[in-house]
Each structure stands twice: as C-alpha cells, then as structure tokens.
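Each structure below appears as structure tokens.
There are two complexes below, and they share subunit A, which is joined by subunit B in the first and by subunit C in the second.
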Partner chain A sequence: MAYLELDRITKRYGTATAVADLSLSVVEGEMLCLLGPSGCGKTTTLRAIAGFEHVDSGAIRLGGVDVTDIPPEKRDIGLVFQNYALFPHLSVEENVAFGLRMRKRPAAEIRATVAEALRLVQLDGVGGRLPRQLSGGQQQRVALARAIAIRPRLLLLDEPLSNLDAKLRDTMRDEIRRVQRETGLTAIFVTHDQSEALAMADRMAVMDHGRIVQVDTPARVYDNPAHPFIAGFIGQANLIEGRVVEASGGTALIEAGGLRIGGHCRAALSVGQSAMAVIKTDRSRLMRGAGVADETTVPVRVTMRTFLGPFVSFTCENATGVKLSALMPSADAQFEAGESVLLSWRVEDCLIIPGVA
Partner chain B sequence: MKALRGLGIGWLVLVLIFLLGPTLVVLVDSINSATSFPSPFEQATLRWYRALGEHEEFLDAAINSVEIALASSAIATLCAFLGGFALSRRRVRFGHAISTAMLSPLFIPEIVIGLAILQVLGLVALPLSMLTLIVAHAVFVLPMALRLTLSGFSRFDFGLLDAARSLGANPARAMLAVTLPILRPSLIAGFTLSAVFSFVNLPLSMFLTTPRTATLPVVVFAYMESRIDPMIAALATLVVLIAAAATIGVDRFLRIRILD
Partner chain C sequence: MARLRSGASVSAWLLAPASLLLIAGIAVPLCATIWLSLSPNVLVHFDGKGLGNFQYLFKSKYYYGVIIRSLRIAAEATVIALIVAYPVALTLRRMASRRASAVGLAMMLPVLSGPLVVVLGWMILLSDGGPLLAPLTPYIGRLRIVGSETGIIVGIVHFILPFTVISLASVLRLIPENLVEAARSLGATPLEIFRRVLLPLSLPGLLSAAIIGFSLAASSFIAPHYLGGPADVTLTALVAQFVLATFNGEMAAAVAVLLLVLMAAIIFLLSIAAARSVRT
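Let's look at the complex of A and B:
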C-alpha cells in the first residue's frame, strides 16, 4: 500500500496545463526523485502535495487519508525551498523552532528538538546567528533542520541544491541523503539535474510536460529508458531515429539514414513503426581498420575532440550526416579531429525503443 | 576635476541654505528680544517661549493635533499594511489603478480634498467632529504610509508565508509571526512620516475643524490674522523641532530609514 498516492491529479493555469492527469505512488521511507526539465510541472506537483495549489481534479492521499482539501498548515509536510526561505528576522534556533512554536510544544521539548535537529545537520554552535550571517550551505542546512524538526509525515525538497556551487552541491547531496536515512523520513526530491537524481534516488520518476513518463530505480531508468525523451534526458546517448524493418522476440532491426542498426528491445515493436536506437556514448568507441563481429560499425569522420581529463569525448558525423558521439578513456583515445575512423558498439549495448508516435 | 568638485559642494551649500535658511531665520526671531516683528537682532531671550505658556488655546490645539496625528496615522498605517500586502502579493487585476488611487491624495491639492470631504459630509448629513477630522487626515496621509509600505513589500519574499504555513501557521498567524515583524521598519517609518504630515497640516484642517477640534496650525493661522509677533516664531520653532525630532529620532535610533 502506497504511503503517498497522487491519483490522477491535474492542475491548470488558465489554458496551460502544468500537471496533466498525473499518478504516482511513494513508498514509506523511500527517497523518490522527481526529475524533469525546467517548466515540466515539478514545482506545481510538489506544491499540490504540500497543499499550496488546489488541484483541478484528482486526489492526494497521505497514509491512506485523503488530504486533497486539507490546508497546508494541517498536513504536517516539511518543505525545503529552492531559495531556503529562512525567516530573516529570526535566529537559526528560532527558525528551527518555528514549527514547534506553532504546535505549542513545551519550551523544554522545543529546546531539545531544536538542538537535536541542528546536530543532525551538523550546525551546532551557530544557533544564535541570523540567516544572513551564514553561508549558502549553512542556510541550506538550517532549512533542512527547520523542515525535519516538526517530524513531518513527508519531506519535500524543491531543487534544494541549485543555488550552491558545484563542490558544495555534492557534499549537501550526501548530507541530505544521510539525514533522510537517519530520520527514516519519506521524501520527494525535485531536480532537473539527472546526475543528482541518479545519485540520490531510491526510485526516480521522470516527468515531461506535466506527466510522469517512467518510474523505476535509477539503474533501470538509466539502462532501459522507456521513452525517447528519457533516452535523451538521462545519460549521454547516441539517439538514432528510424523505422523498424525486422522485429522478433527481444531483438529488432531499424533502418535510419541509410544505416541498419540492430539491438534488443523490451516493448513490442512492429515492422514499419517509427523507433529509436539508443546507444550510450560511453559504450561507443572509435577504431581504425576493419569491423568486429557482433558489433555495429559506422564509418565516420571525427569533427571534434574534447579532452575531459579521464575521458575524451569525440563528436563524429557519417556520410549521410548522422551525428554520433563516443566517450573513451583517455588512454585509448588516440584519434584526431578530421580523421576518418570507424565508430562501433556491441549489438547488446543498443536498445531499440518505440519512437514518438 | 577639483574645480568640478568645488562647484558641486558650492551647489550643495546653496541648496541647504535655501532649504534650511528660512527655518533658521524663524529660530533666530524666536529668541530675539525685540518686540516688533520682524526686526534686527537685539538680545537673546526665552520670554516668547514663556509667553506661550499663558495661551491655553495653543496647548489645547497642540493636544488635539497630537491626538489627530496619532489616530489618523494608525488608521493610515493599518490600511497601508493590508493594502500593500494585497497589492504586492500577486498581480492584482487593476492593481496599478488601485495603488494610484490610494496615492492620489499626494497630487490633489489639499484644499480640494478638504472642500470635497466637507461637501460629502454635508451630503450625508454628518456633523464635523473629531472622528471626521481623523478620518480625513487618515485619507490625506495614506500615501506616505502606503509608499513606504509598498517599498517594504517590494523586498518581501512571499515564499516565507508558504514556509510558515508548511510549518503549521494558519494565514493569520503567518501574517503576525512573519509579515508583520519583517515589515515593521517600513510600518514605523510610514507611521512617523504620516504623523508629521498630519501634525503640520493646515489646508485640510481649515475646512474640517470646529472651535472644539481646532488643530495647532489652524489656531496659529487664526492668531496670525490679527497680529504677527515673536511668540508665533517661538511656536513655529517648537513645531519644527518636534517634527524633526520624531523623524530623525526614528531614523537614527530605531535605524529605520525614512530620510533616504
């Protein structure tokens, strides 16, 4: 039985639909990442769960109870905002105590809970300061402490790392994950950053245009994108659009721009339908000379070589103008821009998925 | 460069003289022992200030003025707070028109407002009273309070109210625990400026006071119609000092910006 259940919720702004008939179940104690490009409706979904947006249709159930019409202050849902939204006139301690004050808890209990929350986010010692006297990372920790201090039934985080610099982002990412594990809270983490979602999620829900297009573990979403949108959005992959010419059992062959590409498939495909071959760039490689058995090989010309430290990224183009990339370990990457080479991948590394209509 | 700077400083001094000069002249007049007014400086004295004490009508009028200033500013500040909140929270239909209407007393001559209010009161057969005077002053000073409140709200993050509500505060408590304290400096500044504007207002009060509710500027004006003497200079100096003390005091000691 799902702990949080979004049952076909829809939210419109005027004629624009921000969330379209969206259903999602969250299991107690898990961290679910809601991943999608900017503007796809993530914040709107989160605000509907928190009670700030009234959905036009559908229902939201939390712990088996319909909360669709319950105001935000009665939902017991902790929120961490993108800009932290700390109360500027209150000290760190008073910020964290705010929710407990509203609940009229006894002073001693408030003091103990605040101290514990601050310790959990490793912020003991700055309780007396004002938010503006803290660094961005510290403010983020206060926001987290404030949300968990009320022992919420659900923790919602809306792109909490997007205002931090890259290094701090990785630290805070691990911190948030640790705090969520230690408290056992059920959490929804919203992000438009796929690496963040892949690293943090127990399960991830990929969103596009107000809908959820795939929900699964990060590894399975990464390896088996169910939709061309996800294939393009998660990981770096060569995407080749074409038409199915053969399909049988778990394999298919498509024709695209003069190329014939074989691979495995999970969905049923029929001959003639549009489809897409998905090959991760790190499973693609360049080589000279002849092709290898069990590999698909495409003659290409290297158009760009980008050194990335441990890896080199090659951008290539074949005679009919299909663009393909390969990401190779620097040690094996002795190819130059302008060179004519073969780009190849193992047939089992190619996934064929249904195209967009 | 240097010459340009010198020119700039010279200009600043001229402006200051122009702004503060007349007030300084009145201050000097108020401690001049010469009995005719105005006249060259003879000797410093406080006798005009002592003479003020014998005119009870000035004290009564001053008390009226203070009461009216405090009450009308309280009303104006409350309206400015609620109005500013509603106008700033999200795009309101006709929001711009509404705020312009609320700011309009700023650019309608006070005499016109006074006359208009007098006529309306006549139409609805309401007699002039302390209450009508206070309400009229509240309308007149609303723009001062509203402008400061709107500028306060322009820096206010309404997301804080969502944060407060997610933590268990209902809308009213969120307002009291978050909006009010954060807007406090703007409200105090707006209140102070409103009170000063009400306290020194003459044109509006002329139309709307009765002998019982006469304000200080009205009484002074009536007195000056029969004669002008240094006692008025002493009174004017006191009024200026009180108004300046209120404004500067709030600005400096409460560190609430009114003066820039």
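Let's look at the complex of A and C:
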C-alpha cells in the first residue's frame, strides 16, 4: 500500500501542460527524488503535493486519505524551500517554533521540540540569532529543522542544495539524508542535478515534459536507462542512433553512420526499427594497435583532450563524423589531440534501447 | 585625476540650478518666516525678538484648541488612511507588476487633478440632502458632514490615501511570496500570516506611509478650509486667517513655524520608530 499516491494528476497553465497524467507511488519512509531538466514539471508536481497548485484532474492521496482538495495549511506537510524562506524578523528558535505555535502547542512542549529539532540538525547554540546572521548552510539547516519540527506526514524539499557552494553541498546532502533516516520521515526532493539524485535517493523518478519516464533505484536507472532521454540525462554516455539490423534474445545489432554496433537489450526490438546504442563514457577507452576480441572498436581521431584531475576526457570523431567520448583514468591516458587511435568498449557494456519513434 | 576633478565640477554645475532654486524658494522664505515669527505685533507686545507669539498661542484657550484639533485631525486621517490602504496594498502585492503600477497610477489621478477639484466634488457629494446622504436620511437622520470635522477627515483621507497605498505596496511587494507559502505549509491561517509575517515585515513601510500621510494631512489647507465649519479651524486655516483677515504677518508666521516644528517633531519620532523596526 503506497503511503503517498499521485493518481493521474494533470496541471495545465493556459495551453501549456506542466504535469501530464502523472501517477506515482511513494512508500512510507523512503526518500524519493524527482529528477529532470528545468521545465519538466518536477517543481509543479512538488507544489501540487504541498497543496500550492491545484491539479486540474487526478487525485493525491496521503496515508490513504484523499488530500486533493485540502489546502496546504491543513496538509501537515513540511516544506523546505530552495532559498530557505526563513522568516527574517524571527530568531532561529522562533522560526522553528512557528509551525508549533500555529498548532497551539503548550509552551513547554514547543521549547522541547524546538531544541530537539535544532539538535538534530546540529544547530544547538544559535537559537537566538536571526537568519541573516547565519551562513547559507546553517540557514538550510534551520529550514530543515522548521519543516521537521511539526512532525509532518511528508517532507518535501525543493532543490535543497542548489544555493550552496560545492563543498557544502556534499555535507548537506549527507545531513539531509541522515535527518530523514533518523526521523523516519517519508521525503520527496526535487533536483535537476543527477549526482544529487543518485547520491540521496532510495528511488528516483526521472521526469520529462510533465511525465515520469522511469522510476527505479539510482543504480538501476544509471545502468539501464529505459529511454534515450534518460540515457542522455543520467551519467555521461555515448549515444549512437541507428537502425536495428539483427535482434535475437537479449542481444541486438544496429547500424549507425557506417558502424555496426552490437549490444544487449531489455526491450524487444524488431529489425528495421530505430534504436540507440548507449555506452557510458567511463566504460569506453582509447588504445593503439589492433582491436581486442569481444570488444567493439572504432577507429577515431582525438579532437579534444580535457584533463579533469583523476580522469581525462577525450572527445573523438570517426571518419563518418560520429562523435564519441571516452573517460579514462589519468594514469592510462597517454593520448594527444590529433592522434589517430581506436576507441573501444566491451560488447556487454553497450545497451541497445528503442529510439524515439 | 584631472578627469575626476572635471567630472566633479560638471556635477557641481548640474546641481547649481536646483540648489539655487532650493535656497531662493525655501531657505530664504523660511528664514524670513522664522524672523517674522519672533517679532512683536499688534496682538502681542514685547521688546526686540522673542518667543512671545508662541507663548500667546499656547496660553490662549482658543489657539491651544486649534493646535490640538489640527494634530488630532491629521492623526485620525492618517490612521484611517492606513487602515483603508493596507488591504488595497495587499491586493496590489498579489498583482502582476504592470497591472499594479496601472492601478497605482489610476489612484493618483484625483491627486493629479488637484485637491480643489476633489474637495469641490466632496462638497457636492456630501452636502446635506445631497446624492449620498439624502437616500440615507430615513435611516440615520439628518447627518451633517460638510462643515464638520468629519468632512475635513473625509477630504484629507481621500487626498492622502494614494500616497499611503503606494508607500505600503512598495514595501509589501518586497516580501517574497514563498515566506507566505512557508507560513501556510506550517499551518498558518490567512489571519495568522497577516499578523505574524506580513504585518511585522511591512512595519517600516507602515511607518513611512504614516510619515507621508501625517505630513500631508497636517499641512493640508483646502480640505479643512472648504469641508470644515467655522468651529473647525486648523493651524493651516489659522495662518490664512492671520494673513488674509487680520493682516498680522507676524502671528501668521508664528503659527506656520509652530506647525512646522510640531510636524518635524512627530516625523522625527516616527522615523526613529521606522529605523528601529528595520533593525530588528
């Protein structure tokens, strides 16, 4: 039984459809990520769950109760905003206490709950300060404490890390995850950053154009993108579009730009249909000399070499103009721009998925 | 360095006309008025320069009453204008900025048409047995508004309302919508959002609206003159009386200076409160 259930919700703005017939089930206690590029409808979906957007059709059920027509102030949903939205005129403690005051809790209980929430986000001692006296990371913690202090039935986070600098982002990522685990709250967060989604989510729902394209664990979405859009969006991959020339029981061969590329496939493919070969760049490598058995090799010329510290990224092009990239450990990356080499990958590292119609 | 200096001298030249106009138009007459206000006259006799005129104004029961009435009318009009303006400003806050500025401009139209036209309109509308009061007579009896303090307040409130609305709206628009949403998600009702989020955050705007409203109200002459009765003399009307009826320039100057000092004091207090509300 799903804890939160979105049942075919649709939201239109004028003629534009922000969320299209979207269904999603969230299990109690899990952290689910809505991932997608900007404008894909992920924020609208989150706001619909919070109650700030009224859906045009469909239903939202929380804990088995239809909340579609319940206003946000009665939903008991904790919300962490992208820019924190702390009340600037209230102290940290008063910010965290706000929701409890609205619930008319006794003063002693409020004091205890606020202290506990601040301890949970490791902010004890700054309760008397004003939000503007805190750093961005501390403000984010206050926002989190304020949302969890009401013991919400659901915790929603809108791009919670996007306003933090890179180093703080990793810390807060782990902090949010720890707090969510310790409180046992069911949480949904929205992001456009795939690494955030991969690192934080129990399951991720990848969205595009108002629809969910794939829902699965981060590892499975990463390894088995169900759609060319996800293959292009998650991880860095070589995407080669072509047509199926052979298909039998789990393997397929496609022809693309004069190349014949073999790989494994999950969906049933038929000969002649458009398909796409997906090869992660970190599974591709460059080499000199002859090809190796069980590997697909393509003669290419290195057009660009980018040093990334532990890795070197190579951008290459073959004789027919197909662009391919390889990400190699710096130690093995003794190739120069302009050099003619072979780019190869193991056949089992190539996934063939149905193309976009 | 040379370029910097020439830039400074250019800006000095650009400021010159406005500065001259300010000195000639405000500083000189103001000094003359203060000088005059300290001088003896047919009503009050003393030697040399002194504060005799002011003592006379405060000692006289009639003039003291005028002072109190002026401040009371200005304060009442300001408070009413703020109460009426706040919901309008809240509505403007939720409008798209282009529509909001169109509404703001529309509200300024009566001001742009001049206070005399507006006050004459009120005189017709609110006259005894006029279009507004005649239909109400069976219910509320014969109510006299024109020629009373109520009339003055109606006129002043109407005149200062657009200024208070715009002043409030400019501050309310700065409050991010997601603070309201955060409060809602935490369970706040609209009333609690107003009381705990919008009102405290708009306090600086409320005080600056009060400053603008009060200074316009206390210095207004046309509304008290046309909508007030003989018993409702205000400080501005008193200045006019001394100038036009008794030709006593010294007393007129004394009343004008008194009005200026009282306004400055009240505005100063409100500014301190505004500054404090910004800080916390």
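Things to note:
As a convention for this text, the second predicted complex is superposed on the first by the 357 of 357 C-alpha atoms of A that agree within 3 Å, B and C clash if a C-alpha of one lies under 4 Å from a C-alpha of the other, contacts with A are read in each partner's own complex, and residues count from 1 in each chain.
Here is the rule we use: a contact is a pair of C-beta atoms (placed from the backbone, for glycine too) under 8 Å apart; a residue touches a chain by one contact, two chains touch by 3 or more.
Keep in mind that what you see is a predicted model, and the values were worked out from it rather than measured.
When both complexes are superposed on subunit A, subunit B and subunit C clash.
Of the two partner chains, subunit B and subunit C are each touched by A:His89.
Across the superposed pair, subunit B and subunit C both touch subunit A at residues 50-52, 71-79, 81, 83, 85-89, 98-99, 102-103, 146-147, 150.
Subunit B meets subunit A in the complex at residues 157, 159-160, 162-170, 173, 177-178, 181-182.
Across the complex, subunit A meets subunit C through its residues 50-52, 71-79, 81, 83, 85-89, 98-99, 102-103, 146-147, 150. On the side of subunit A, the complex with subunit B involves touching residues 50-52, 71-79, 81, 83, 85-89, 98-99, 102-103, 146-147, 150.
Of all the residues in subunit C, the ones that touch subunit A in their complex are 176, 178-179, 181-189, 192, 196-197, 200-201, 280.
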